[in-house]
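What follows is a pair of complexes built around chain A, which joins chain B in one and chain C in the other.
The block that comes next holds the complex of A and B.
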């Protein structure tokens, strides 16, 4: 050790307000090995980095401690800075004085005292650091997109346009997602299918895009640049290569009782079906729970009518294994189940529906062919009540704590569309607040009120009661007039909250990506890295990350694609050099370490060991540094304590413990 | 009572890089305070925490040691936190036998999104240790001045 340099950052007033920076410098100078200590306003700035580089060069520093924000923020910055100045980048340690000190402690004495101790621990650690050299690993130039909604489609198109191969894995028989189910879209009221279908077609026709529809990701292994993924292609019972998409089978199928998922359960579909007319791929699937042939070996009609001979009742699930350099999660959302909201009579009355169901009712290809009618008796409604925030913004555990973000706008959209087409229908909207912070959004909402005469009532609804005459009574409050209200309605529409797709949990587990308490996938940084997950090589697109409308989804999808392209454009990635290493002299080859390694990185070799002049051959553990991810499980498992982790060695951690407890 | 109020325990918190250390950062970003007695040591995974580190901490005068990792099933390295849980269960019962109260040791799962949980956990843990007073058990007399 030539000597350690300590660089304390004020971070403007972020650190300096509750930590006496001068005192930290003064105390650092007293620590063994420290030959240089200074403070500066912003260490991460160019001028700040230049100070570090200058000290490294002039004082020939062998170790650097930067007392600043979290290492998760700027560790790489300072490592690069050290490297440029000629110091091994792994000779840098960060003392986290901002996130874990100044921001959480208000008292300057307490804050300073803790900052001094954290700095001391980092100095103790760095004095035991060793130079490490990052290895290299290759990049498979292909991306996987999980989920084929508008988010997944857009991400795939953008990646493919840059020249890289992309696979889309979509669990349902067709790509398109929720957007395919929508009628018109705010704030411009263009038809959803008209803007979505061309994108679906583009994706299907793109030579670089490969769509695995009716498929699910089953297993993921590997790491950034080199993931191996098992995809389960569910049995379709229809040969994709032979089917011409004529639709004869669907017409003839006698089993027509299944509820159409696409029409939100408001109509029926045959056992052999494509979810909607513009489905991509336009190849039906047979639902084995409904097919008479598959259930009890009767019927077989579709095989007989299919001119192409595409029906194959013997088809089985198939597992394909593919390699990817990057993975994008785009699993989207579902509308919540309304079991907890029985006060709105959703389960009791057919005329209480969700907004998504209304989308289908308004759609020309929907269950009522686009006519606004009551599902109970087919009559045209005269009075419609919308209830917003059903299951969103709940303080209790009944619903979601978050705002679903899209409901205010789609409710205004529904109100406008109804008043435009049926001017004699009265529309009332109960709301908590109307939230319209988007381009042309507030204008859109004001049109609903001013131009279309929609009756917005600020207040919540306590109860909806179905009456014997078939009508519904909505019991609400008008907070602005401070009075109880009873509104008679023919139809009630609930703006139900949205939540992440239920499988996202298992997807996140497979990818070791984290999810938040609401099951949305966590981004690497809430502000600065919104489309990356904390797991390298895993990216986020669309509503799986948080509620979004289509414009936001599409921009995020493009952003995720750019990150993927940036990764795939590299030929080599630097690997983490903080890997495990066995002391060959002491290792007795017992296998305890290999048993706990999740990556199979440890093997055993017979090696000729020179033990102080005595040469003998014995079995020792050898870590494959390309496979080792540096978790450290093996280091604790080793009964002889000979397995150690570089960068987080036993001696380094003990030095930190000692420095903290001193 | 008044003694306990003034008593500033030494608390060592081992936090895994991917979940809990990030959770602590989020607590910071959200300005959710907890006692300054807590000092965090960053480890790649909770499974990197060697029981030896905890013994060392108590030997050097720590009053409480807490290990934080990703929630079961969410470990960045798939299974690390299961090893940590198993090892710590054993170690803590041994420490209990040696007279180091159960309240001085703890394993907690804190995700990267749980800034609030990080701060409440630390508040609770520190007040539990304060309640117990200084740890005089394992302290190595040779380390005392």
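The block that comes next holds the complex of A and C.
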């Protein structure tokens, strides 16, 4: 036994302002086994690390305690430092004096007392540490991207361009996502389809990209570098290999009452359909809830008109199982339901619409062929009112707590486009704040006001009342004028909040990726690791991580791709050696541990056990260290205390508790 | 004017109303919704600012206290859960308590009621008309 070194970091004033670091050093020196203790301003700096390395070499330390920030921040840093100096990296323990001490205390005496205790606990633990060696696991050189919107497409293209295979799983019949539904894009007003469809074509044509459209992820198992994923290819009832995309089936289909998802429910589509003309793949699907043949075995017209013989009413869902090294979540968003905002009369009037519905109305391929008209009577509107922040920035359990971020800009875009094409239409925007941080964004908004004469009024609207004459009365307020306003409108457009796609919950559960209270997937670090999930091998792209516009989504998609490429470029990954292990002599094979293991890492074997000369065959627990994530659930569940987590053994934990209670 | 007294009074109003005026994002949906807006000297959204700025004296003198119908449209629609109507109600109660005297006598009620009177109005009336 050579002795333990204790290194107390000031973290500038982060720790030193609330903890007497000199006192911590003094007290640490009194602990059994401690042969060296010192403090320094920034232990994580090169000079700080050199101090640790020097002490390891000169005093031949057998264990190191660094009293600093959270192990999430710098445990790896100090482990690497120890390894370089010749010490097993798992002989390093962190006493968290920042997040768990100095940042949560104000009084220096109390802070110091707690710091001394935390240090004592870490010393007690490290004296029982054993050298651990990380194992290795292989990397499957293929990535899965869940979601085929602009985020997923861009991530897939970037990964594929680096030479790796990528599969895109898209739940709808075509890739393209929400961006395909948009008319123009801010702040340059280029046509959304014109910049998106080439990317869709690139993705489809790329030899490294494989698209599973109309498919969903069903099951995920495994771990970073070696995920196994079941993909459900939903029955299309059309043979992808035979279909030529001629469209005759869609034309002839007599069931045309279904609402078009692509047109936000503003037009109808046949039972056999592609979502839009530029769909990729250009192979229709049959909606079984609408098809007369599938519902009651009548019709069959599509099969008769199909020259290629591609219609197959007997097709069934198919499960494909594939292996991946990395998974990117790019599940995107939906517009919230407006049931909680009936004061805006969305359910009462056809002329109160969401902004996404307006996108379809403005689009040449939309339900009105791009003519701005009221959905109730087809008349051209003269007065249009936009209401911002509907369901965003709420603290009332009805809406979302966050700013949806894209609405200020798309509303300015809509206002400009309308005023440009229909100069005699009056446009009023009721806003709370206009938020336009972004390159050329504020200039764009100012153009709406200064060049296009859009009337921006500060104040949220109270209610919208449909009048008997078909008009809408908007009850608003001008806060800067301190006047209540009643504006007569022909059309009201609601900037409804966006929320993560509903599937994200089940996908996050399958991936053991954490999500926040708003169902956005949590990033590993909000600033420094924004495209990684805390679950190794799972990456984030687009709105699933937080509200984003297209430029931001594309940047983030590229960033996620780089992380994936960095992972797939490796041949071997180091595995965490802090895994569970059963004491075979004492295990009675009761299955309690396997029942609680969330990773399916525990199985049972009948083993010949030599217990002090008595040989007997026992059923004992065996841990697959490649699957074990070291969560420790089994160690608590085991009734005989046989399961132990390496690096966090029961003895070590008890020693820590004893040291704290001393 | 913020003084020790006005600070206490502002805290009192926050306490009686059970709302946190600091949550207000100044969207003005309360003022857009208020049917008595025109008659008010201090508008519903301003009420919240007056409490934040601890200018309770001006609030107590305001005619708005007696024009508020207690329809609670602002309470229902406030996206920030600030509930300006409850602040008005709290300010009114503070004034009433200071002045002393009785609330509306129970004997006077039956004559005022018809089938259309909302229950909420009766409760508010007890607080409001104390003469």
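One rule holds in what follows: the second predicted complex is superposed on the first by the 616 of 662 C-alpha atoms of A that agree within 3 Å, B and C clash if a C-alpha of one lies under 4 Å from a C-alpha of the other, contacts with A are read in each partner's own complex, and residues count from 1 in each chain.
Operating definition for what follows: a residue touches a chain if its C-beta (ideal position, glycine included) is under 8 Å from a C-beta of that chain, and two chains touch if they have at least 3 such contacts.
Just so you know, these numbers come straight off a predicted model, no measurement behind them.
S.K.: Should the pairing of chain B and chain C on chain A count as a clash or a fit in the superposition?
M.R.: Overlaying the two structures gives chain B and chain C room side by side.
S.K.: Scan A:432 for contacts with chain B and chain C and give back first, second, both or neither.
M.R.: second
S.K.: Looking at A:72 after the superposition, I want to know if it touches chain B, chain C, both of them or none. Which is it: first, second, both, neither?
M.R.: A:72 sits against chain B, while chain C stays out of touch.
S.K.: Once the shared chain is lined up, is A:477 touching chain B (first), chain C (second), both, or neither of them?
M.R.: The second partner, chain C, only.
S.K.: Could you look at A:654 and tell me whether it touches chain B, chain C, both or neither (first, second, both, neither)?
M.R.: After superposition on chain A, A:654 lies in contact with chain B alone.
S.K.: If you stack the two complexes on chain A, which partner ends up touching A:396: first (chain B), second (chain C), both, or neither?
M.R.: Second partner only, chain C.
S.K.: What is the value, to the nearest 10 degrees, of the angle subtended at the Cα centroid of chain A by the Cα centroids of chain B and chain C?
M.R.: So the C-alpha centres give an angle of 70 degrees.
S.K.: Now for A:459: first (chain B), second (chain C), both, or neither, which partner does it touch?
M.R.: So A:459 only meets chain C here.
S.K.: Just the number, please: smallest Cα separation between chain B and chain C in the overlaid arrangement, in Å.
M.R.: It comes out at 17 Å between the closest C-alpha atoms.
S.K.: Report, in rising order, the residues of chain A that make contact with chain B in one complex and with chain C in the other.
M.R.: On chain A, the chain B and chain C contacts do not overlap at all.
S.K.: Write out the stretch or stretches of chain C touching chain A in their complex.
M.R.: Touching chain A from chain C are residues 23, 25-34, 37-38, 43, 45, 73, 77-81.
S.K.: Which residues of chain A touch chain B in their complex?
M.R.: 70-72, 96, 98-101, 103-107, 110-111, 113-114, 117-118, 121, 508-509, 512, 514-517, 522, 534-535, 578, 596, 598-599, 629-633, 635-637, 641, 645, 648, 650, 653-654, 656-658, 660-662
S.K.: Show me the residue ranges of chain B that touch chain A in the complex, using the header's touch definition.
M.R.: Touch list, chain B to chain A: 10, 12, 17-19, 21-22, 24-25, 27-29, 31-34, 36, 39-45, 47-53, 56-57, 60-62, 70, 73-80, 83, 87, 111-114, 119.
S.K.: Chain C touches which residues of chain A in the complex?
M.R.: 343, 389, 393-399, 432, 458-463, 475-477, 479, 482, 484-485
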